[in-house]
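Below, chain A partners chain B and then partners chain C, in two separate complexes.
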Partner chain A sequence: MDINNFIKELEEEFEEVEANSLKPETSFRDLPEWSSMHALIVIALVDIQYDVLLTGNDLRSCETISDLFTLIKKKR
Partner chain B sequence: MALFSIKNIRISGVAACVPKHEESNYDYNWISETERKMLVKTIGIEKRRIASEKTTTADMCYEAAVKLLEELNWNKNDIEALVFVSQSPDYFLPASSVLLQDRLKLPKTTLAFDVNLGCSGYAYGLSVISGLMSSTGLKKGLLLAGDKSTSSLNPKDKSSYPLFGDAGTATAIEYDTYSSKMDFNLQSDGSGHQAIIIPHGGMRNPVTEESYQEEEIEKGIVRHKRNLALDGLEVFNFSLREVAPNIKKLYEYNSTSNDDYDYFLFHQANLLMNESIRKKLKIEPEKVLYTLKNFGNTSSASIPLTMVSEINTQLKTEPLSLLLCGFGVGLSWGSVALKTNKIACPQIIEI
Partner chain C sequence: MSAVIKAISYYLPEKTLSNEQLCAIFPNLIPDDIVKMTGIKKRHISAPDEIASDIAYAAGEQFFEEHPIEKAAIDFLIFISDALDYKGPTTACILQDRLGLPKTAGVLDSLAGCAGFVYGLSMAKALIESRQAKNVLLLTADMPTKVVHPEDYELRMIFSDGGAATLVSASENESGIGDFVFGTDGSGAKNLMTHYSGARQPITKEWLEKHKDADGMKHGMMKMNGSEIFIFTLKVVLPMVKELLQKAKMEMGDIDLFVFHQANGFLLNVLRRKMKIPEEKFYVYLENCGNTVSASIPIALKEAMKEGKAKKGDKILLASFGIGYSWAGTIITL
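This part shows the complex of A and B:
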């Protein structure tokens, strides 16, 4: 599991986000494009790619992409 | 485990009715244009049918049933069972099924009752009427399923308003010793009941003035306690967690795999959710049918409506092997494997 790979996958799913614009320290909820739809997209992506099912509370407990990645690793 | 088979029952026909009035999510001005585009792309719902104030679920089911009986040329006096699956009945009491017995001019020798389920309702309803008829030998029955979900939505709630449409359906069921068995896997988890709920209006929280006081839950989500409240993330999480394992268990039970089915009819929840479930089960995209785009989430009507809309000709002209799966409010979910053989399937009726 590699965080750069995870970021690339997120950038691919978030079509409006430019490539290489996301960083581990990015607060994903503060992205101007962020909406409740993106939360669904993250949950679906993580479930399909990492076989980890995130809850609404899981997402809410994370601030940055790095937090999210750490949580996925822990839940795997 | 509620994994079981029902023998000697077949589906003889299916019909669906939707309101004429259509709304487009591209016109949903409560949210910004960017948000609208994102919403439509993610959930896959462009248009929804909205019933007028005077039209009820029973009205739509009635129209579907009349058309279906005409097409089948059934003698009404032969109909011995009527089951109405809905969470939007005409009255608190009496049960809408009983009113429909009279409206449809079915004999007083027909048994009739309601089943209170939503998104999982078609799978459950099929098991209830089929199990009843199979064990008793009743010859002909009608399963009516649908909802007028839009009447409990708040237009100022972006988390629910753009998702739902109204529809009513009718399915004709017959006792037939030559028919293939149907296999069911039905489940429930009431610990998730808060995920989709109309909090006030029942006996737990009777209606008071407070019931109609609007509250801003978060930006873009304003509703009162008589409105449907939907926790999108929880429902999404539930569906990804439970649906695929339920179907895999059914496959184990009836020794089948994806290849044994011509089509998969999932409850029409939202595109990202349904596609994620499809990918988890590794089903070919062309076998999974959708009406989300044009009708949205129509609760217990979504599976039969999708049958009528998407495989009308195939249902009429070919034997088909189908996998149906409903999931949602309750939480309640279930799948059915069944075969049809050239059934009656009139075009969608509009009222």
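This part shows the complex of A and C:
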């Protein structure tokens, strides 16, 4: 598992986000495009790619992409 | 003796609600975004005096017009809906009379939502294989738009009224409807519920007054926690599909077509990707009619047959899931 891959996957899923714009320290919920739909997109992506089913609370407990990545690794 | 799906017809109310119309009501929405999120371009809206059993009746009449099947041959009628006519009598009794079905026929109502069609197939198969009936007419119809609040754009984007008539008949030499997998988790009931629609919450004067701008919401009001429903679906559908394949001693590649409950485009696409099902084997019919609850699978099946994507002899995996929580699946040979 590599965080750079995860970031690339996120950028592909978030159509409005430009390539190479997300960083491990990005607070994903502060992105101007962020909506409840994006929360579902993240849950779906993580489920498809990593076979980890995040809950709404899991997402809320994470600040940055790096936090999210650490949580996925822990839950795998 | 096996039970086989012989024919399907469906009916959609005439009035429609397009994305453009929705966006005119809700300026925060954009037509292209609605298509991207839901896969839906229009929904069908029943007339104010048209209820679920009227939709089922229209689907039934359509069925006998389209197929050379005598009404006299029907010996059992099952009506499946989230919206029955009365607390009594059974709505299927009224439908037997309206459709002119034989007085010798047995009838049954079943209150069920998104998983309703697969449940109906299971009942029809049970009746046939136990030699209690030979030709079961399964009517699945719903009117979700009547319980969606006019200001609830998330639900208005998805739901559509519609009904289907499916004939399940006894056969000596076809494999037909296979084994079933069921699942229930009532702890999720609160996440998708029609409030003020029955004995637990009878409609009050205050309720009607509170919603007077929405015709009193007199049929009740559906509330959905979308993200909870989404997570529930991701949790249960793949294990159900795996169990169905195991029971049938099949692999993913043996299935000719996957037809899931047409909940919404975003969810279906996530499920398809998760299960690595190729797009051409995963049938989606949402653009023209949205989520029609218990009618969604037969409508999609009928369209798949018309398009030649579902052919005689094909193995088709049906998976339904939703309100309850309730889920059910089967593999049919067309």
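One rule holds in what follows: the second predicted complex is superposed on the first by the 76 of 76 C-alpha atoms of A that agree within 3 Å, B and C clash if a C-alpha of one lies under 4 Å from a C-alpha of the other, contacts with A are read in each partner's own complex, and residues count from 1 in each chain.
Rule of thumb we're sticking to: contacts are C-beta pairs under 8 Å (C-beta built on N, C-alpha and C of every residue); 3 or more make two chains touch, one makes a residue touch a chain.
Quantities reported herein were computed from a predicted structural model and do not represent experimental measurements.
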Chain B versus chain C as contact partner of A:Leu71, first or second or both or neither: neither
First, second, both or neither for A:Val52, with chain B first and chain C second: neither
Partner chain in contact with A:Ala39 - chain B first, chain C second, else both or neither: both
Chain B or chain C, by number of chain A residues touched: B
Which of chain B and chain C A:Leu31 touches, first, second, both or neither: neither
Where chain A meets both chain C and chain B, residue numbers: 36-37, 39-40, 43-44, 47-48, 53, 55-56
For the chain B and chain A complex, residues of the former touching the latter: 34-35, 38-39, 42-43, 158-159, 231-234, 236-237, 240-241, 270, 272-273, 276, 279-280
Sites on chain A touched by chain C in the complex: 36-37, 39-40, 43-44, 47-48, 53, 55-56
Complex contacts: residues of chain C adjacent to chain A: 37, 226-228, 230-231, 234-235, 266, 270, 273-274
Chain A - residues contacting chain B, complex: 16, 33, 35-37, 39-41, 43-44, 47-48, 53-56, 59
